[in-house]
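You will see subunit A twice below: alongside subunit B first, and alongside subunit C after that.
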Partner chain A sequence: MTTLEQTGLSQAGQVVHKHYRSLLRTRRLYTLGSLGLLLAILVGALLFAEASNSGKFIERLPYFFDFFIHFRPDEPMEVVRAMFDLPSPYADGSFKYDYEVGRVYLFGEFYIPEYFYQLLVTINVAFLSTLIGVVVAFPLAFLAAANATRLAPLRFAVRRVLELFRAFPEIVIAGMLLAILSLGPIAAIAAIAIHTIGALGKMFYEVVENADTRPDEGLRAVGGNWFERVRFGYVPQVMPNFVSYFLLRTEINVRASTIIGAVGGGGIGEVFRLSIGRDHAAKTIAIIILLLVTIIAIDWLSGVLRQRLVGDAAFRFGA
Partner chain B sequence: MSELVVTPAEAAELKALHAAVFHKPWHQRLLAPVAVFATLAYVVFCGLFFDLPRVFAEAKWDRASVYIADWYSWEAQPRFRFKDNAVELEWTRSLLGENPSPDWIETTGPHNYTVTFGSAADQVEISPSNVIAVVAGQRYRIPISEAGAALPENAPANMSLKGGRVTVDYGFIGEAEIRNSQVFVRHRYLGWPNFFFDTGSPFFGMDTATLWQTISSGEQIDKRMPNWQLMLVEFLYNSEWQHLDVWQKLLQTIVMAFCGTLFAAVFVFPLIFIAARNITPNRAANWLTKRLFDLLRSIDMLIWALVFVRGFGPGPIPGIAAIFFTDTGTLGKTGTETLENIDDRQREGVKSVGAAPLEVQRYGVIPQILPIFLSQVLYFWESNTRSATIIGAVGAGGIGLKLIEAMRTNQDWENVAYMVLLILAVVFIFDNISNALRSRLIGRQS
Partner chain C sequence: MLKISKVSRRFGSKTAVDDINIEIPAGQMVGIIGRSGAGKSTLLRMINRLIDVSDGTIEFEGKAVSSLKGQALRDWQRDCAMIFQQFNLVPRLDVITNVMLGRLNHRNTLLSLLRIFSEDEQLMALKALERLDIAQTATQWAQTLSGGQQQRVAIARALMQEPKILLADEPIASLDPRNAQIVMDALAEINEQQGITVITNLHTLDTARTYCERIIGMSQGRVVFDGTPDQLTTEVARELYGADGLAEAFSEAMTSTTLEAAKPRQKKKKHMAIVPGTAFAEASLPN
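Up next is the complex of A and B:
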């Protein structure tokens, strides 16, 4: 914008103008100061990251593309063979080409290819843990919402528990259960379910707090007890949002369960970490493709369902 | 208050009048029971799929209590070895300093020891080839033969036999395991005396007053540095708790989340203007940028992390890169959606006074979108602090890697607890900072 002309201003006008200019200066100073601070922190952080990394960024950058050379399958068909556990013409007895070994036979000659089976494990882990999360978070949300629960200490306690569940590192729960149960998926389910209770509990009680209180008032006026008020006053209002958060969470948890899988929780994550660690090109590419397709499909499905449930106003992150 | 009473006849009439309310279509009525049934069926399926009964039957629940007890207490583990009609006391794990002589081990003779668990009614008396366990005042002689130890007659419930070893469990305070070659005693202490200084440190076991005296007026312990400096070094390089290392790893995790999110935000901000169809009226450009965001978002953070760990080696750089790539996709998507939903009137106003295209964006669009975009960035920064812990565990460095290493040994659960507390503190602080900044940016949300 063009700057204001100073000519032709009365004394009062000039005072206003001067004050405006000084305000603007202060504001710019603050903006510049904050940006400078941010930049200083960033530079410090990057230097620290560079110093504590085992490979240096610039040094390693050219080798980064080695990944794509390393993980180039012998021929495109190899990826398909790895994906569907078909015998490979390159088979030399090593783990790299032992695609058939992973077959999971259901009956007779019918088998599920290994990676599809592991993907099923991962998806089931995600879905079951989301389900557990919803079932537990559902009652807790009403206990944590200010309009549904008048008892402040109870509300406070429930909220702190939800916060703790949300912040508690998932890998610690998974690691601890792994040591006890010595089998992956259960540990992963527990870890993700606990985090889900915390995360969904918070989203749910925010929905409840934003609900219209008039149905509740009506029910209280005719003498409804707490359960009736929640059941008939709030649940019908919040249900679409709850279901839509449940779908969003399922989407997030599929990602979480692949990651937890990689640190010992079983499923596709673990297989992927092993195959990338052993330089198995075709297997790695096959898993990447499978994961990509699964995640896109689940995102799309949950997006469509959410759109139908709550319409356009569905999710505005942070807004 | 007058009472309203609806007679059964009236109720029937009302129901008939408003059939739509009381007789919902069958598919709506069936929805809830079908959903519940399907959920239960699915849970049963999962139970079989994951082989739950077997996993729980084989679970080692006794380990859980030991691991959790390690979070707030430690065990002294003396062994009393039987050797040619003598008993030798050996310490395998102890935080009691050099030559420990705790008051719960009493030397009653040249080869006779009495170990007390809490009270005089719970003791184990050890002499060559003769072990007497006292449980709640009752004395039991444990028969020991070449084949191993055996249970005495009418053994109490807290005595158990497994593989020639008799374990006497005294609860939290500890247990004694009697074998034919030795008696292995575990004695639990609440708290960790070596939290500040390890047992090899000259400051180990000093109370606050003594410590203060040593710093202010004590004799110089190390010729190379003053006492306060030595104390700091001894604290930071504590061999058991590794304070400095843990803090550095935690800082790495924070740095990963901070740099990754910031880079993604800076990189994606111009791109969302290209992706939004109301800003850039070029369909091909919109489509390309949006699909780029989708692709980046759909590749799991795990894939990014593992790929970059191979490229750059373990450390925070692959973590930063993984967060950067995933977040470019997610921030791009949410940012574009916000941008496509802005109010057009402000832009039209700026355009109508004859502003250049860039100025239209600067004064017509940015003031609307910047607060929301920044608040989205803050939200992701906060959630990435948590993700960074997990991707750290697959090799991207930071506290995640340290946690998983500590858990793998199955010995250092106290260190795990320490790191968990630090992580919780960091997450709590960042949550609050991010919430405060966000509510300043977009106004207090109810």
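Up next is the complex of A and C:
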């Protein structure tokens, strides 16, 4: 133990130092403990995965590129023809070259190419379900947040409902809804919306719980009711993060809607599964390009949108 | 010696600081006064290089600090500590760590990231806190402290940098008069005892007159006054603040620009002299 002369600290200062060091020890102990636990879990999980694998990973590795070598269109232009439903010179009456069949005529000779139309179906499912999810998750989040809702039983109930909603993957919910809503985009929308409510609700209420409670305190002192306090005490604070999660969810839901499409939900996923299953390279590559462009476009759009909603101040550096 | 030559700063088409020339010898305590928007903050932020100059050069001991980059720039920022109106501490980090963060530029990055600080640094931080009379708060989160306490933590952090210059951007504008006095006293003491140059932006003439040996008045980005407190006559003040702003400039009670804590308006310095010690019992005793 260092003495007063050595440290130059007063008696009280030394007590504080001792207290700080004991806190530090505890924190380090917890940190090391957690790290050790994490490592143990990681090693265990890897060993388990290795044990439950069928063991052909290494043997099959040399054939990894076979798929890409055989899966090639007749010529690069075929991809463009598949994408825009133009007649193919290779046409032989088979499904492989029936590009024009999928055209969706709007009026006269004007048509939307099949894959663009299907992409629209998929994006529509994603947007609608995200929107429904946000509208429902938004109020639920404030009911589930401990700082906004004092009533513990209500909070408990809302949180359990949110957990129930996000417990099942979209695809499982879609399967359950199949009997009621039959195949197609409506079932997909319902399934994705339910999962989105659960997932976004959790994100949202955690954002609310991280918010500063002082504005709320101020509004309580003013005599504001619960709705007013939420509206002015929390909403302005949490909005930027809500927007971020909303946009991320939109992106996730485009993927989810593609996957559900592949198992009968309609949209680009369905045609993608068919074309890759039937070994139609030109069609498959056209769809992959469209999907990639869509994700990039959504990412760019969400960036623009967020900057608008959050305000330029958050993006300025320094000054 | 800090030498500011022909320095300008423009934001878009607006000129915030316009062709400023100042020389500040080592160890001086300088107050920069002027209305809000006069370019005081911009000037300080350019000295610390939080923002860059548009034109001109800033030199310190013959070195052009306005064009430094990378490690050299960070070294300059270490030598040129800054404290802010809103304290700019890390709210969810304990006070002593906040203070030790002042050492960042002196130490190994990896150790810093792992939050490993040596015994010496802990003691140094505690001594700095003790000097400012807030050592008891060391293990609390910074955000739990009152404004005056937070500003003292910020000063302690600045001291940990072992700076050659201390810049203070409206250090007392968010504080009540009692805490304002404590903070200004601390700055003056640092200036006197360690010979650190202190350059502080101030709202009010009273404070500048009381604490600073040299006052620089700014208006619309230009220096319109540079001299001793005695030379600062009412006419000069009128030019600086305009006829309307004069009352505000002289009034200590109007110091605060934010509506943070409850602050009765009559808490003037004069008022304080009537009932010393009783009117301003420490509101939030540290536990």
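The criterion applied here is as follows: the second predicted complex is superposed on the first by the 231 of 319 C-alpha atoms of A that agree within 3 Å, B and C clash if a C-alpha of one lies under 4 Å from a C-alpha of the other, contacts with A are read in each partner's own complex, and residues count from 1 in each chain.
Operating definition for what follows: a residue touches a chain if its C-beta (ideal position, glycine included) is under 8 Å from a C-beta of that chain, and two chains touch if they have at least 3 such contacts.
Small disclaimer: the values here were computed from a predicted structure and weren't measured.
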item	value
Subunit B versus subunit C as contact partner of A:Ile69, first or second or both or neither	neither
More subunit A residues in contact - subunit B or subunit C	B
First (subunit B), second (subunit C), both or neither touched by A:Gly269	first
Which of subunit B and subunit C A:Leu292 touches, first, second, both or neither	first
Partner chain(s) touched by A:His19 [first = subunit B, second = subunit C, both, neither]	second
Touched partner set for A:Val101, first subunit B, second subunit C, both or neither	neither
Subunit B versus subunit C as contact partner of A:Ala221, first or second or both or neither	neither
First (subunit B), second (subunit C), both or neither touched by A:Ala179	first
Partner chain in contact with A:Leu9 - subunit B first, subunit C second, else both or neither	second
Shared subunit A surface residues [contacts with subunit B and with subunit C]	318-319
Residues of subunit A that touch subunit C when the two form their complex	2, 7-10, 12-13, 16-17, 19-21, 23, 318-319
Touch list for subunit A against partner subunit B, complex	1, 38, 41-42, 45-46, 48-50, 52-55, 57, 60, 63-64, 66-67, 70, 121, 124, 127-128, 131, 163-164, 167-172, 175-176, 178-183, 185-186, 189, 209-210, 255-256, 258-260, 262-263, 269, 272-273, 276, 288, 291-292, 295-296, 299, 316-319
Subunit A-touching residues of subunit B, taken from the complex the two chains share	39, 42-43, 46, 49-52, 55-56, 58-61, 63-64, 67, 248, 251-252, 255-256, 258-259, 262, 294, 297-303, 306-308, 310-318, 320, 334, 337-338, 355, 359, 363, 372, 375-376, 378-380, 386, 389-391, 393-394, 397, 400, 403-404, 407, 410, 416, 420, 423-424, 427-428, 431, 438, 442, 446
For the subunit C and subunit A complex, residues of the former touching the latter	11, 45, 50-51, 94, 96, 119, 122-123, 126-127, 130, 135-136, 138-139
